[in-house]
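Same chain, two partners: chain A is paired with chain B first, then with chain C.
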Partner chain A sequence: MKYLVPHSLAEASELLLDTGNSMLLAGGTDLLVEKRAGRISPEAVIDIKRIDNLDRITLQENRLVIGALATITDLLRYKSLPEELEALHDAGKEFGCYEIRNRATIAGNLAHASPGAEFGSTLIALNAEAEIFSIRGIRNLPVENLYIKAGKTVLERGEIIAKIIIPLRNNSASSYFRASRVNGMDMAVINCALQGFYDNNKTGGLNYRVCLGAAASVPVRLPEVEKMLSRIDGTAARSSEVFSGIKSYLLKTLNPRALSLRAAPFTKKVLAGNLIEDACCKVRERLIK
Partner chain B sequence: MELKTVGKSITKFDAFEKVTGEAVYIADVEFPNVLHIKVVRSSVAHGRIKTVFTEDAYKTEGVRGIITGEKIDFLAGICIYDQPPLAKDRVRYIGEPVAAVVADTIAAAEKAARLVRVDYEELPHVEDPVDAAGEKAPLIHEELGSYFHLPGFNPEPGTNIFHHYHLEKGDTEKGFKNSDVIIERTYTFPHIAHAQIEPHGAIAKWSKGKELHIYSSTQGPFIVRGALSRMFNIPNNLVRVTVPYLGGGFGGKSDLTIEPLTAYAAKFFPGRWLRLILTREEMFFGSLIGRGTHSHIKMGFTRNGKLVAADVKVHLAGGAYGDYSINIVTGTGHNATGPYEIENVNIDSFGVYTNTPLVGACRGYGHPEAHWMTERTMDIAARELKTDPVKLRLKNILKPGSENNLGQIIRKSNGDLEGAIRRAVKEIQLDKREEPDNPRFAAGKSIAALMKSPVMSTNAGSSVIIRANRDGTFHLLASHVDMGQGSVTALSQIAAETLGVPVEKIHHNRGVDTEFTPYEWQTVASSTTWKAGSAVKKAAISVLERFKAIASEVFKTTPDKLTASNERIWYGRNSISFADLAEGYVFPDGHAIAGPVIGTGSIVPQGLTYPDRKTGRGELAAEWTFGCQAAEIELDKKTGRIRVKKFVTVLDAGKIINPVMARGQVEGAVVQGIGAALNETLIYSDKGRVRNSNLTDYKIPTPEDTPDEIVTVFLETPQPGGPFGARPLAEHGIVSVAPAIANALRDATGMDFYDLPLNQDRILKALYGKGEEK
Partner chain C sequence: MSIPLHIRINENSYNLQVEEDETLISLLRDRLHLTGVKEGCGNGECGACAVIADGQPVRSCIILAAEMEGKSITTIEGLTETDENGNVSLSPIQKSFIEEGAVQCGFCTPGFIIAAEALFMRNSDPGDEAVKEALSGHLCRCTGYKSIFKAIDKTVKNRYKT
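The block that comes next holds the complex of A and B.
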């Protein structure tokens, strides 16, 4: 196996194109696990950690930009995180353990395309885009359109997630909840990210974006649930009616895979409804405080 | 007499080297020209080996040899000889060693191992112990009838039952006829993993064709020595077993594990060290796993709550080879009805071959399995009888004068079970109810009593040596393995107390070497402080006697006129220091008498017997430790997760030699027990493969999963014959964790659970399932 160290995105992209079976190495927290398990055996590992300025997190006028090498710890320590993006902080705190957070990158978490990835559902709920670099050109893609199936994204050979761009939205709040088997380091049994937002004039009711992780082979948005949530008007009776409607809808419609080691399909379906309820209440609390 | 060292929380002697990383574990041991082993393992749960193709693997650079089992002419074992170190022509579980690839580097060995191809003729396989004991089950060992076994075991050839332990007392038919309330339930305890921090390792070398030296991560160096000596037909004193620091055992490194395979492979490369270190994944199927019982219990009570009859059937899924769990079958059997006196008892405990990894000792050794059913059933019975579960227990517990299942009469000195139950009730504040403010949570509390005996060979001996040095210090040499439990420190405290010297003057060997340290059966059964500790006391007394004998020559008197104190031997007002007596006393003119002083102590458990062939009764338990545990839990009904808010353990372990270490043992056991109660289970595929052979999906508790509060209380009824009154203590903290939690869950929710673990799948299905997802 070759170990290659490019110093620019262009060089990295070229190496990807030139080397048949090659993989990018950033934090390595997925790559090394997969390699050790014998599930991958790349001819070359392309270590992008020496590329300058890729680890920045910057707050621009209408957006937060996260560089490809920014780690979970970088995110958790980032002092100017806008309040409405608190779901990112929620997700970071649940992610792995301290040691893993110091290595793992947010972009890597997306690129690995694990169905239960903390930042898959979170970035979809936040309507984020990935800026994808290749020597053939740069394209922007909503994170929602990134996934094909577990472990597989639409990225083509030579393409690298260079940045993640999260739009800021006035009058919005977000949250991330997950269910796990133990409190310490664990994978999500199922996770839920949720954004609540008013339209620009704050005239209508609250709207939602909801995304579940580990409920299917890719993170899934739930437009039907979003619609149902928007019927919440702040009264307790209405809320409980909406949530029980959502729970029965999920029991009927979700179809998690039967052989998950983490939970039975029924467990995931029940948890999905309960997490959405918790995440929605948290968002309303954050928005209305 | 006031104790100076025993009973004090002295810091562990080996804490420094473990914290600093100085301690050398098996994987740190290095030799020149070492060869590495990678094991090729069976990919089918049950089958005949047709062909092993090694040609491609041989072509790998660095490969020195590929060893298969076809020429093996012996079977490994201790209690029953039923396993070849490499599969011979048959594989019986996924993970069974089929070939050992030997290479210059581990990378080459791994690469070549992937190129070994094995063709199997697959046979039907069975994982469930009740199915496996049935008539229709595929026979896993046709040769069971020809296997050698020690007395006290009862294989049933022609079936998969490698040991049937039967116990009977009184007349159960009459007992149930006289019962007003009969409770009958079935319980399961799944296979679990020990998850020791340190993976198993062995490094072996043969010399001159008849001398074997093996380094091993074993809890039983002398067991390994004896077994290898027999297997390879070489004398005991030409097998040397060295144990460096051990990184956690929990029973999973007792008896034999990977030593026969490593030693067999090394025989093909005389003069060279062969090294096998298991990977984390192999720890789940390449060494030993634990538990795996299916139990049916029927208990009969009179209207006023007297437990008058019990009938129990336990099936233990022992895995493909039975040697490792054969004693657990007996232990689960005679403990199956918990710490209660019952007039009429019938117990059948079956060790059953299954096409799964091998079950061995696992912290608790049959007792958690037994108490899972008994202590749940006692709570259920209390409800049926409309009585208080504490009162029901107190009415039926073993107390002084009671006769237990084995026919032993319980003495006051066995400990205060009633006191333990009352204390646990008090500590958990069982009568005080606090309902959570938030209706998503449900809170509950309950208790579960316990008893445990050390299950051991009738001749499980211990011996120690104490050497006196000329500066007044001492060497304590013993062969128990300190795998974290602190026995090196505890035994040093016993030596120091007996000799009357500060504990700093005792140095205890770290690690064990059968070439230099004296015989110890093995470090299991929570027995070291009590059993080896008794030998230490004897050895220290023999040192003092020797000192007195020498001093009596100096003082021209008889030894009985002398006393020992303040590190000196006294004759009236005159005295001689231990230091001056240690290596030959020298008179003022230079002439010397006596020689270097060595003290020895040896013991064997007193009066143990084999079980009676018909009734299963007899002296199977050398001692008893009684106690009670209590849990306060909170269930989050939205996540299906249980949080243990408070966990109480009260044990009567006799004199506590080192309180902090004793508490550490209990707390560790409690947390491990919580892991098994809430989450841990091996998950098998329909082909019989362990699917979660990693710590990503075999979830053990983390520090964030420990209870908010762990309370440990020791009652100290002295144990006659135990060193300073100590009795066995260690595993006891795990015994009733699961029933205490499940009883509290019932208290919180009204839901009864009979299968472990109490994970989200089980709880959410019970809360929301309503039969729709069966």
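The block that comes next holds the complex of A and C.
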């Protein structure tokens, strides 16, 4: 195996194109595990950690930009995280353990495309985009359109997630919840990220974006559930009617794979409903202070 | 083919040649004989292989040695001090672990102590939640954790007594 150290994104992209079976190395918390288990055997790893400025998190006028090398710890320590993006903080706190968070990157979590990845569902709920660099050009892609199946994204050879761009939304709040077998070092049995937002002049009720992780081979957005949630008007009767409607809908429509190591499909479907309720209540609590 | 690596380990500088796929733990244990670093799961899950790299605790079993170019590493061996007569003195955390019986088979102990040491480097007076977070990815199959928490608590208290 070759170990290559590019000093720019362009050089990294060229190396990816020039070396047959090569992989990018950032934190390595997935790559090294897969390699040691014999599930991958790259001819070359391309360590992008010596490319300058890729680890930055910057708050711009109407967006938060997370560089490819920003770790989960960088995110959790970031002082200017806008309140409406609190789901990012929720997800970071659930992620791996302290030592894994020091190495693992948010972009790597997306690129690895694990179905229950913390930041897959979270960034989809927050309507984030990935800025994808290649020597052939740069393109922006909604994170929602990034996934093909477990472990597989639409990234082509030579393409690198250079940044993650999260739009800021006035009058919004977000949250992330997950169910796992143990606290700490475990993958999600199911996870749920949710954003609630008012339209610009705050005339209508709350609207929602909802995304589940580990419910299918890729994170799934639930437009139907989003519509159902928007019928909540704050009264107890309506809320309980909406949540029970959502739970029956999920039991009928979700189709998690039968061979999951972590939970049977029925358990996942029930937990999904519970998490959506938890996440929705948390968002309303954060928004309606 | 091997690649050059400049690294500081426990305050000593090394200029080494490492293999491309050599892990940090393999370099530390097999070549430099710093066998206080333990390999448990080999997956980054158990924490026995933890070392401090530039002030941050990390898992040496899922890091390539080559990634550590220019870094400064502290292993459990680096926490003790030896005077000119060859007397070794343990760090306060190590002493507390012994006093509280927080060591049974001892395999996970270096990882826990490294995690606690790194915690004290960033937070001189950690509360229970911070301690839990710092240790959350460390597995111990003997003691049931209580004595480990006690040892860390004792270290914090001793610090503020003196």
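Operating definition for what follows: the second predicted complex is superposed on the first by the 289 of 289 C-alpha atoms of A that agree within 3 Å, B and C clash if a C-alpha of one lies under 4 Å from a C-alpha of the other, contacts with A are read in each partner's own complex, and residues count from 1 in each chain.
What we mean here is this: a contact is a pair of C-beta atoms (placed from the backbone, for glycine too) under 8 Å apart; a residue touches a chain by one contact, two chains touch by 3 or more.
Just so you know, these numbers come straight off a predicted model, no measurement behind them.
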- Task: Please work out whether A:185 is in contact with chain B alone, chain C alone, both, or neither, and reply first, second, both or neither.
- Result: both
- Message: Output check: A:25 vs chain B and chain C. Expected answer is one of first, second, both, neither. What do you get?
- Response: second
- Partner chain(s) touched by A:69 [first = chain B, second = chain C, both, neither]: neither
- Regarding the shared-chain residue A:242, is it in contact with chain B (first), chain C (second), both, or neither? neither
- Task: Have a look at where A:264 lands relative to chain B and chain C in the superposition and call it first, second, both or neither.
- Result: first
- Message: So in the superposed three-chain picture, is A:47 touching just chain B, just chain C, both, or none of them (first/second/both/neither)?
- Response: second
- Query: Of the two partner chains, chain B (first) and chain C (second), which one does A:110 touch, if any: first, second, both, or neither?
  - Reply: neither
- Query: Which chain A residues contact chain B in one complex and chain C in the other?
  - Reply: 183-185
- Item | Contact set on chain A toward chain B in their complex | 38, 179, 181-187, 189, 261-264, 266-267, 270-271, 274, 277-278
- Message: With touch defined as at the start, can you tell me which chain A residues reach chain C in the complex?
- Response: 1-3, 25, 28-29, 32-33, 35-37, 45, 47, 49, 73, 96-100, 102-103, 183-185
- Query: What residues of chain C sit close enough to touch chain A in their complex?
  - Reply: 1, 3, 20-21, 23, 42-45, 47, 50, 56-59, 61-64, 66-67, 115, 133-134, 136-138
- Query: In their shared complex, at which residues does chain B touch chain A?
  - Reply: 114, 638-641, 679, 683, 691-692, 696-697, 699-705, 759-761, 764-765, 767-769, 773
